[in-house]
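There are two complexes below, and they share chain A, which is joined by chain B in the first and by chain C in the second.
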Partner chain A sequence: MSDRFTITLDGRNCPATSGETVLDVAGREGVSIPTLCHDPRLDPAGACRTCLVEVAGERRMQPACAFRVRPGMEVTTGSERIARHRKVLYGLYLADHRLDGSGLPSENGSVNRLREQAARSGALVLPPVNAPRSGRPGDSNPYIRFDPDLCILCARCTRYCDEVEAVSAITLTERGAATTIGTIGDSGLLDTSCELCGGCIDTCPTGAMTEKKSYGIRHEEMEQVRSTCNFCGVGCQVDLKVHNGRVVKVASPPPGETVNDGNLCVKGRFAYDFIHHEERLRYPMIRGRDGELHRASWDEAIRKTTEGLLAVKEKHGADALGFVSSSRCTGEENYLMQKLSRAAFGTNNCHQCAAT
Partner chain B sequence: MTNSIPEIRDADLLFVIGSNTTEAHPIIAMEMKRAVRNGARLIVADPRKIWMADIAHSHLQLKPGTDVWLLNAMAHVIVTEGLTDDAFIEKHTEGFEAVRKGLSAYTPEGAETVTGVPAEAIRQAARDYANTPRAGIYYTLGITEHTHGTDNVYALANLVLMTGHLGVRSAGMNPLRGQNNVQGANDSGATPIFYPGYQRVGDPEVRLKFEAAWSVSLPPEPGLNLNVMMKAMARGEIRGMYVMGEDLVISEPNASQVEAGLNNLDFLVCQDIFLNETTRYADVILPAACFAEKDGVFTNSDRRVQRVRKAVEPPDEARADWEILCDVARTAGYPMPQYESASRIYDEMAALVPAYAGISHARLEENVAGLQWPCPEPGHPGTETLHLGGPLIGRAGFQVVEYRESDELPDDDFPLVLSTGRVLYHYNAATQTVREPGSMAKAGRNFIEMHRRDARRLMISDGQMVTVSSRRGEVQAEALISPRMRPGCVWMPMHFADSRANLLTNDAGDAVTGTGEYKVCAVSIRA
Partner chain C sequence: MDKAGARREEILERLEAEGGVTPESVARIALETGVPEADVWGAGRFYSLIREPGRRVRVCTGLSCRLAGATHRIEELERSGEPREEVSCIGQCDRAPAALDPDLELIPGTGTASSVLPDDPALPVNLGGADPAGYEALAKAQAAGPESVLGIIEASGLQGRGGAGFPAHVKWRAVAGQAERSRYVVCNADEGEPGTFKDREIMERRPHLLLEGLAVAAATIAASEIIIYIRGEFRDAKRSLETALKEAAGHLEPFDIRFANGHGAYICGEETALLESLEGKRGMPRLKPPFPTENGFRGKPTLIHNVETAACVPFIIHHGGERFRDLGRTGAGTKLYCVSGHVNRPGVYELPLGVALDELVETAGGYTGSPMAFSPGGASSGFLPMSLRGLPLDFRSLDREGSMLGSAGVVVLNDTVDLVAAADWQTRFFDDESCGQCAPCRIGARFLRNACGRFRTDGDPDALLHVEDVGWEMEEGSICGLGMVAAKPLTSAMKHFPDAFRRQR
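== the complex of A and B ==
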């Protein structure tokens, strides 16, 4: 069983439970600590050093995302020493990162959290290192793009691919300054065990792993509408990103909030092209005497529908009608379909196409 | 599901049967992978060596259609080795004695002969399942898409009840729903035997309640399920159909008979977002809005009601299904109310179903993780785990289940057993996913998966086009030689309109649900 005790966070007593990290407690207490390599779905890596805090009795600063709480522990999250550490750290990151005219980390459309953090905390200006980090420009997969000059090697993507999706399609490759995110034999993702879940995109803090389809559309210019995925029965929550009246991207809500814990599969995250597909039905149609479908007005089509169904009912009885509802439609629509069948046409022949 | 998706990661044992979870429910599979990483035991029962079987501690690779034998043999072990939860059986169930007696014939050795699974593996699985308190069962269409699908479900329920794995976190009996809103469609009463909320059509009191609410007199007899409707259509007894959001020609078994039936109809109206195989027979086509273009709710596998929100406008004149349905009802002379919004429709339904009475669109705005029914009043938090502290109503009944063979077994003419199913990259009739480049790059064509031994006997090489035939039809597909199959068994996805697995499948239906036997039919293959 886990023990409960208190720790001191910036001089305040806070309840904590054994097994928790300093970051867990701070999050609950509303104390914000910057992080880059941390993702609550992954084992703590303690890799990026952004979250360092001071712990009384420890000579070195410790990563809040990985350091476990102990009874009576005293933690300081903001100090001169921490501020100095961050300035140097961000300076080192920036020296090895694509920057824009203002000297801050670039954005390719996605949020770059390094940019926000460096802007807030300030960063030493250090001479740029010319890292020979390579991408996979020839990768023909339709969804996932990797911009190596925005990568900070936090390994969230590879750890996600390993620990959550459990397919290990991507991995840290090369060595030293050339270290990059690669695949075995440098193959395109379609030729690896990758299942195109897009979790690597979702977890990447800088937009280095990003979506091809919406590449370059700025995140501030997209409106966001929370909805439920329309594929399988898990009911993942999705954030539909809308730009100029079109859904241009689907993102997962933050981990911990909804049933999918920040995850999506290939269908939920990427299979949205059908929404604005040119083959969508746009007008009601009625089959003419020539056997072809002809565009009709809604009035005509509804009238024709009603006449067709009522004629069958008159001649053969209500139970000669069948109503097929759909698990693809909403609960309200299924309710109305069975009400239509029962109350308006007088038959219980109403079912939908699904056993489970 | 009796339990909830977030409970999976805390399970100590997962018994996954008839569910290719990584492909059909990838996000639930992630939770299962997490549980296994945390030390849970994983038992997979499936005729194919699916992805989950690779990380499983035990893979029971049974012959298709022999689930009842396997499950009864597990129950046999639990009973004979005294692993039952007698206190639970005593307090919360009835009918155990009859089941116990009936199980004596189902020895693990007998099971080995019928199912092909070693007796010792069955014993071990039964012991592990019974001895682990937080042991959950997860199943899907591999259990239900059989002529004995209901028997399969009863056999599973017997295991749950005799071990008391009900009303316990991370345990229970968990059907994973195949489609986004199957649960919701059933909950809303789109079934021939139930009004919304599983209130029986045949119960006069229930009927009176709905007659009063809808100000109309209602038919007292239950209707036909879809499987029976398709057959009645072929016989000319069903003469008019209203099909909303389904492609019957792709998704129903024995497709050529379905097409003949559709061709015979006096009148067919299809309401959909794309033309499909079924709309070819339609007299009227009504263009509908897709999920991103309308408001409403979907209910997922763990009874979680969640919002669908309108993000963009439907194309040109397409309209939300609910608006169209209202217009049709009114034109037909029924005074369907003028609902201002989908939330009003939900309110009308919630007022008629006690289990949803506490749910409304307004409450869903505040509850970002949705609300799980039963949720009987507005202050109620919803129900994560069902049956905590005993079955909801009275006692849970054991059911005696006897093994019956599948409707169609292999013979000299059709010597192979075909099962059909889904792949990760497509969704059902694939009208949405064939329009998606990634899905097509990963899975662009139909295939028939088979064991090397069968391929060698038939002189077929990997990637070759072959003809697959059954008593009902034939299709062309690419041979995929794979170590995942059992010899004698082949597998085909159901998604492709140009090579339809359902031309082959058997439309013999389960006696209770009418679900077709998609998982077992006899076929032959030639180069």
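== the complex of A and C ==
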């Protein structure tokens, strides 16, 4: 099936395989083509029009994200025509977008990819079009905020919700200039099928879908720390965004890089308040004869636990003990837990909360 | 994502039956069909006939109705307090100013019924003739076999009558040559180009001719299912076809023919938006390639034809391709020209393809007043000055002038018309009907609407700065044909009538 051939990209011969898009080949060859509506996890939409290129024999410019390569195809990614197209297209985007004092797309904290692309294109300055695009200001869900003034209608969020999560809580709604991202009856996300995975936030290129809790904290002021989510044993990778020594946001690494392929669940993405919670346990404690908990060392704590468990075994037998592991543990940790149960204490009473 | 076995194709019809989109109707339909609630909501809110519940009169604001006093009618209704909605062209330009009652039945304007030429069997469509349920052309085509029919269609030079003028035989062969055996014929009866009402007349006067043409196409490309996607506002036309289908029963037995209603979206006249709509989705055009002939309805090869194109087929089968071809002047065959605006007898006239404006208007009883401009092919073709009245009204000649024959909805404007206002109405039409999918059209159409509106109010030509750039980008960068032509009314008016766009005060 996979025919190999060459195409010409800006006059250069490049290897290509049938089924690939122009964007696939360009990406491999290091040829930069701007995109906004493209997400490798989604079917190409070709809707944002930023990636239009010229293909010899095609009367119209074609979207690189969707156009499939053919043997001998000649593609041009830079020409006067493409430059004019980008200049006016970005001008239109800017006329339909919230701008900051510099006349470039605003950032509400998240990265706005339109900002850099528009600056590079020398976008035409047009008066604001004042599209009647509504948001859902009354949506009381605790996590996800939709900012219609930053939305470019690329539909990555709705397509992600449908194609990746199979949840379809949000949809393109209305028509023409009024088109927006909506829900049934404009209800809040908590009253829809939304699972609050927040994937819409990660895929949004402009920050129109953004996180309520960290709203307004500038991305340049955040440090990024790659870590492993500890809510379950899958091992999703997370990028902790740290501001003034506190985790203020959790993002997924980009698709294609880690086991979770750009996805996270509601817990991994939003349930990070425990990290800095004042009641969080940071060291072992042992209840003393006074009935109060007292700080202890790990050695003391483990010794105390061992004594207690061995005492039960001696008095009632090994099967009086039971070991319950957590789905927050990794596979390796679960293995050690059952080994502890069976080899060290001699009982098969071993369970894990996700085993049912 | 749909549940397994979800019945998405039903949701728009169900929304219509429920009286429109409400959270309750959407939740119920989602539950019954297995389509996610949000998708039912988003699809329903796309279509103007179902997006909101409630009974109301719909007043046409198309160019011909505006010329005939639609604005006055709207003001009257406003005073009466009757619920009303201003809607895009409803395809009754010859009965302007037109409206629809709350049941979508026509409230015609002052004009009488549409004019057509008297019975003339030498005309392929012959709107004035009888419409017998004979189906002899179908029998003849079936006897001749697909290869022979394809040859006849090719020899006829028949070009698609929906607007693009694509050679019919190329499409037929493209579908016939697919490896996939499951194929469809879809009839595009979603006539909506402002100034156009020819398909409506065919469906009302010659329904058998249309059904026969579609059946010949289906037999030739080995499709058994024929779907007629008919404009929701065309109640009379649909009744006419339903009656004809009953009368024809025996002849059309091998074919599964059904109707699908449009729900109020001009864009669904675009073939891929139509397919999306048939599949129960928002009418947002698909990217091409792939073309419907390869990947159409339900992803299967699909032959999509405009009503008029299909209605030409029986004549071609009866009389041979050459006879049809030779009827034309600068292109093949006859063409149904819709004439409205400032002419004495608005109507549909079947004349040789390539007739010039004066001859056409003479057939339509002559000009009313002193003509100043004309649109040769509906809103999409922009405005041309009378100095171009000698152009053959065909696909090629108008294309060369940066205009188009399109659906041949000819609208004549005399010198009583404020051309800026006319350009403004047409520009608003495209902004109202843009699907919103791609930025050049969604934002560009709104930009043009604002620019033209501001110039109309202030008379300051600065409001029109960058109209040319934006128009260029809409033509170059939009996904579909709507975006490509949406700037035409304004840019053509500015080009041909520069005086109207100078500083006004």
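Operating definition for what follows: the second predicted complex is superposed on the first by the 285 of 356 C-alpha atoms of A that agree within 3 Å, B and C clash if a C-alpha of one lies under 4 Å from a C-alpha of the other, contacts with A are read in each partner's own complex, and residues count from 1 in each chain.
Note that in this section a residue touches a chain if its C-beta (ideal position, glycine included) is under 8 Å from a C-beta of that chain, and two chains touch if they have at least 3 such contacts.
Predicted model only: the values in this text are computed from it and were never measured.
> Would you check which partner chain A:Met61 touches, where first means chain B only, second means chain C only, and both and neither mean what they say?
In the superposition, A:Met61 touches chain C alone.
> Where does A:Glu221 make contact in the superposed view: on chain B (first), on chain C (second), on both, or on neither?
In the superposition, A:Glu221 touches no partner, neither chain B nor chain C.
> Between chain B (first) and chain C (second), which does A:Arg175 come into contact with in this model arrangement: first, second, both, or neither?
Touch status of A:Arg175: second partner only.
> Thinking of the overlay built on chain A, is A:Ser327 touched by chain B (first), by chain C (second), by both, or by neither?
First partner only.
> For A:Tyr335, select first, second, both or neither according to whether it touches chain B, chain C, the two together, or no partner.
First partner only, chain B.
> More residues of chain A are touched by which chain, chain B or chain C?
B
> After superposition on the shared chain, which partner residues are touched by A:Glu74: those of chain B (first), chain C (second), both, or neither?
neither
> State whether A:Asp100 touches chain B only (first), chain C only (second), both chains, or neither.
So A:Asp100 meets neither chain B nor chain C here.
> Should A:Leu124 be classified as contacting the first partner (chain B), the second (chain C), both, or neither?
The second partner, chain C, only.
> Using the touch definition from the top, say if A:Ala166 reaches chain B (first), chain C (second), both or neither.
Both partners, chain B and chain C.
> Find the residues of chain A that appear in the contact set with chain B and again in the contact set with chain C.
163, 166
> With touch defined as at the start, can you tell me which chain A residues reach chain B in the complex?
Contacts found on chain A: 140-143, 163-166, 190, 195-197, 223, 225-237, 240, 242, 245-247, 253, 257-261, 263-268, 270-277, 279-287, 293, 296, 298, 301-306, 308-313, 315-316, 318-356.
> Mind pulling up the chain C residues that touch chain A in the complex?
1, 22-23, 26-27, 30, 36-42, 45-46, 265, 282, 284, 287, 431-440, 442-447, 450, 466, 469-470, 472-473, 476-479
> Which bits of chain A are touching chain C when the two form their complex?
Its residues touching chain C are 44, 46-49, 52, 60-61, 63, 66, 81, 84-85, 88-89, 91-93, 95-96, 124, 126-127, 129-131, 152-153, 158, 162-163, 166-179, 182-185, 187, 192-193.
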